[in-house]
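Each of the two complexes below includes subunit A, the first together with subunit B, the second together with subunit C.
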Partner chain A sequence: MEDTNRRSTARLSVPAQSALTVALILGSLIMLAPFFVMLVVSLWPNEAFLARHFPLNQITLANFVETFRVIPFGRYILNSAIVTLIVTVFQILISSLAAFAFARLRFRGREGLFLLYLATLMIPTQVTLIPNFLIIRSLGWYDHYQALIVPALFSALSTFLLRQYYRSVPLDLDEAARMDGASSLRIWWQVIVPLSWPVMSALAIFTFQGAWNDFLWPLVVTNSDKMRTVPIGLSYFVGQYSTAWNLLMAGSVIALLPVLVIYLLAQKKFVQGITLTGMGGR
Partner chain B sequence: MSRRSWSVLSVLAVVIMLVTACSPVPATQAPAAAPAAATPVTLTWAFWGSPEEAVSHKAVADAFMKEHPEIKVETWNEPWDNYFTKIQALWASGDPKAVPDIAFLWPTPKYAAEGVLENLDPYIQKSGYDLNDYWGGLLESAKYKGSVYGLPRDNEINVLYFNKDLFDKAGVKYPDENWTWDDLLAAAEKLTVKDASGKVTQYALAMEGGKYSKWVNQNGGAILDDYVNPSKCLLSTPESIAAVKFFSDMMNNGYAMRDADLSQAGGDQAVFLSGQAAMIIQNTSRVSSFNAAKMNYDVAVVPIPAGGKRWNPAGGAAWVMSAKSDNKDAAWTFLSWLQGKDGGEKLYTERGEIFPALQSVANSSVFMTDQPPANKKGIVAEAAASGVGGFGYFPEWDELDSSVIGPAMQKIWAGEADPAQALPELCKLADQFLKDKGFPKQ
Partner chain C sequence: MPTTSAAQSTSPPRRNPFRWRPDQQWEAYLFILPSLLGFLVFVFIAVGASLGISFLDWGLTGPRGFVGLANYRELLRDPVFWRVARNTAFYIITIVPLQLALGLTIAVGLNQAIRGTEAFRLIYFLPVVTTIVAGAIVFRLLLARNGPLADAVTGLGQLLGIPLSLPDLLGSTRNSKVSVVLLTLWKNTGFTMVVYLAALQGVPQELIDAAHVDGANAWQRFRNVTVPMISSTTFFLFILQTIGAFQLFAEPFVMTRGGPAQSSEPVVQYIYDNAFRFTRMGKASAIAWFLFIFIFGFTLLQNIMQRRWVYYETE
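Our next item is the complex of A and B:
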């Protein structure tokens, strides 16, 4: 991929290339601006933000400390971490097995069943919120980790994306493995999974991000500080009469860090994944 | 198996252990709930606010449990902007165990119309609870079809805050109860500071546009002919138009901050703290932050037009009882204690968190302290002028206000529309809205 890029830019004339560079720099500045504002507001007292005046001698890290004092933010981060990690690992595993079945195994009603799965993508979460809540209540999971984790373990969207990718892997590989006596599960684990690391890691980032930022469901199924997650904690800073912008932004910076680290670590795979799943154009 | 598959398996095992480690929690809680029924009754009490804000509510709950050991109060708080989402989801689920028994709520009529609230009339009659101690018009905001569905905790009293330093600097006398609109305008002229280019650097007044009903009612105007069952918009009467024009002219002359500029600048609290505005008109929720900043300020009654009357929009969020509560008698015991002059009302007022809904508490030493602002009598004088007229008490009010009245008013505050023209047009739309919704209802 790098090769094609180098070749295509080489064909551009010097003015065209500099124009392109300027446009890209401008674009990234616009994209970075909100993050910059977030960082600035998090480093000054709330009064500085309200007055839109940020004197350098008032710069402080106190907001980050205060965030942990005003709300049990450490506990929220722990909860978010537990939930997000389990959801990410299991959603990928379970969806991968489902996608394998839909892409490689032949059974009656396969296409019909798959269409049903896809149909669930059309129903907005707000509609299923109350029925899901009632199920969680009746299982006795209200305000427990299970309520945060179990409903997110399976995803129709992840299954769909993985199935599309698995279908592009030549069937000959399966047949060869079967001739050697491999079971379906072994084909999944030793043939399909190793070939689909890029798409799986991209999906893992999406899932991680989605679970880390999820707001409505944790709000409804948790009740105590023991079970709250980071996004709910952040909304405590928006009060009835005033908003603690400095704490809100300091909390947001902290909440952003894990996603940022994961993204930077997996950036290459992420971009590959976007290209492979057809979710971004290059 | 390869090393990689072993490592995957061990991750799996750890995760399964984690998940199963969580599962005994409900098992241990279930038996704990059973004997609780034999000993004290447990009530769930819901309010909005951060864990930090919840501290004072928890102190109130503790004080109650000391007096009533037979009732256990468990608190439940959510962030302000999500509280309503969550509580509606809980009611929609119809699960009485999940729904709080007593909740803080606004606006009460909307929820009463949905049938999720308990009618408090029978409890009030049986216990002889005194409704006459509430400020005038305040209980209207918690009534639906003539019955009381909630007990308001506080009353929103809008007073004039003024920065003494800025008044001294401009050589203007402090406002008092004799001030009229003309006095306010004369002071505003002196308190407005412009730079060489004509840009205003210090405004005389900052007030949210949404509080315009104060001027309208002071001047004998009104928003609607009836606030429970309206048939007509009255913002097009000469009195209403003159009142809106008084306020919009102050903005057009640069005396008062435009609504959009005010929110851009962080609201009235921020501009008053920073000295960008010499006066603000706002409820008593600002007192604690101005005291914390050690500002040199005081409050006064809001000036009225010559021949007009003092008027304050009665309103405050109320404690309600869920129709799904399974401990209604205990819930009433708690509710009437919360709203009793020796119970919750007193504790919240002592902590400086509310202007009390009960007249007896406001007139007692609990409110009349030596903490700033000095002019507590001014606040009580505004409170005594509380009445209906700031907003509608019918469930469709929110929609009427946000889709018809609000947008037209925004144009006036922005200086894009003349009240004499815009208000009659607004009323035409509002009348149509009311007709479409079937008002006036029989």
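Our next item is the complex of A and C:
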């Protein structure tokens, strides 16, 4: 998705441009207001929020310190980081290997198997939720990292998107590499993976964001405080401290920071990843 | 799109690019094996098991009696199931059209020659990447009775000299669903906007110019050229957002816990409650299959209907 910057020839008149800009600014303020409120409430004592009076000399980081004291937020962040990193790397590797075979190798049953993969895109996760919970429990993985990681490693969407992209790479490259005696594994790793770096990194960011924010599955397979991820820990925090707004907002700020930082650093890639997946790889 | 660059490179005519390669047979299976093992256990077996469990009366620890379609029949008579189904229907018919309309409006605005489009895009997209739980918590605060939004509305009323007040959104059975809709719109509109923006930039300028020359005004150009040209994107977003609305869970779960009095509880939370609070695995699986059938039926229906209104360039 390149930024063409191709604008309509019928340019807006100057007043229309100003009106549009004002409207877009108003919209931006609405979008930013929740972040603003979150930040302000997290930086003052709860009394300041209750009185709707925020004197500058009362700004404090005490809420953040207190949040880390009352709930093991550090542990939540560590859990989320471990799970998210492993899921992102290995989901893409596993999907990439399968996508390579689907796109560039000939084998019996290829089309049928691929159709089966595609069909699973239709199945809502809620259908497999209960059996997967039972499988995890019988494997003894309940409330362990394996429960959070292993089922998330297999993605029909990632496989599909990568397969679409790999198909667009000319087959001559494989042929030439095979002439030189390269194995399929080498072609995958040294030809296809480097060539598809843009699409794989976009997909990685998309997967990262989905894994970091995932809610239903970690809610079902974790029980103890030491296994909770950031979103789950935060939702339990609401249950326990439903009126300690200063702490809740500090917790929300902490939960948002990692994803926001990555978004601001890799904004283009982020949007690209979401658009790519959002448009079904077109 | 990154796909085009590689696809466009011209290759000399080859005899048979996909000729049969017996040597690749086993290799290919090895490439697929890790993925296939995972799919086998967590998808294929799981789907079968889910259907099987929906025919059982199973409380996780007790005996598993086969009860046939009793779980499904019970659901049809269960007033709570109908309530949560109505809630989910409400979410779909409000969120999907509003999301598409808002996203398209903003995208059209950002597709104009004005300053700061990059910054606007960054801001509108910001909620998409935020953790939904954090969003739900801050909306709990914003929309609370006597919360900041209520303050703002009252303040605006005083400014205008008319008595204005925000109705209780989170605490009333009538308005709790509206809170969930507001949160979802804030969270997801940026996504629709970004996808629409990409589609708008793909509309050939010549078509719009030609309509302009023929005397079409801005609205006519938009309505009769742009809208049909991006209809495949609209179709895709429509399907995607509807499936997303069917599966809504975290937003109401964190913001209202489905309350008050289950007034904002979606179908998925009823699955969760039945499975993990009331440990009625059979009933929960039956609800999941109802959901599946509805999503499947909807997608199928839309795929048939799309021929009437979706335009594809390749046709």
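Things worth noting here:
In the analysis below, the second predicted complex is superposed on the first by the 214 of 282 C-alpha atoms of A that agree within 3 Å, B and C clash if a C-alpha of one lies under 4 Å from a C-alpha of the other, contacts with A are read in each partner's own complex, and residues count from 1 in each chain.
Methods note: a contact is a pair of C-beta atoms (placed from the backbone, for glycine too) under 8 Å apart; a residue touches a chain by one contact, two chains touch by 3 or more.
It should be emphasised that the depicted structure is a prediction, and the values quoted were computed from it without experimental measurement.
Of the two partner chains, subunit C is the only one that A:Thr159 touches; subunit B does not reach it.
Legend: residue contacts after superposition of the two complexes on their common chain; A:Val238 is shown touching both subunit B and subunit C. Applying the stated contact rule after C-alpha superposition, one finds that A:Phe133 touches each of subunit B and subunit C. Of the two partner chains placed by the overlay, neither subunit B nor subunit C lies in contact with A:Val83. Set side by side, subunit B and subunit C differ in how many residues of subunit A they touch, and the one touching more is C.
In the superposition on chain A, contact of A:Ser184 is made with subunit C only, not with subunit B.
In the superposed model, A:Leu195 makes contact with subunit C only, not with subunit B. Touch criterion met: A:Val220 reaches subunit B and subunit C at once.
Residues common to the contacts of subunit A with subunit B and with subunit C across the two structures: 52, 129-130, 133-134, 216, 219-220, 232, 235, 238.
Looking at the complex, you find that subunit B touches subunit A at residues 5, 11, 15, 18-19, 22-23, 25-26, 30, 48-53, 76, 78-82, 85-86, 89-90, 92-93, 95, 97-98, 265-267, 269-270, 273-274, 285-286, 289. Across the complex, subunit A meets subunit C through its residues 1, 4, 6-12, 17, 20-21, 23-24, 27-28, 30-35, 37-38, 41, 52, 94-95, 97-98, 100-102, 105-108, 110, 113, 116-117, 120, 122-135, 150-151, 153-154, 156, 159, 164-165, 168-172, 184, 188, 195, 198-199, 209, 212-213, 215-216, 219-220, 230-232, 234-235, 238, 245, 248-249, 251-253, 255-256, 259-260, 263-264, 267, 270-271, 274-275, 278-282. Subunit C meets subunit A in the complex at residues 1-4, 6-7, 9, 11-12, 14, 17-21, 24-25, 27-29, 31-32, 34-36, 38-39, 41-47, 49-50, 53, 106, 109-116, 120-135, 137-142, 148, 151, 186, 190-191, 194-195, 198-199, 201, 205, 208-209, 212, 218, 221, 233, 236-237, 240, 243, 246-247, 249-250, 253-254, 268, 271-272, 275-276, 281, 284-285, 288-289, 291-292, 295-296, 299. Touching subunit B in their complex are the following residues of subunit A: 47, 49-52, 70-72, 82, 86, 89-90, 129-130, 133-134, 137, 140-142, 144-146, 149, 189, 216, 219-220, 223, 225, 232, 235-242.
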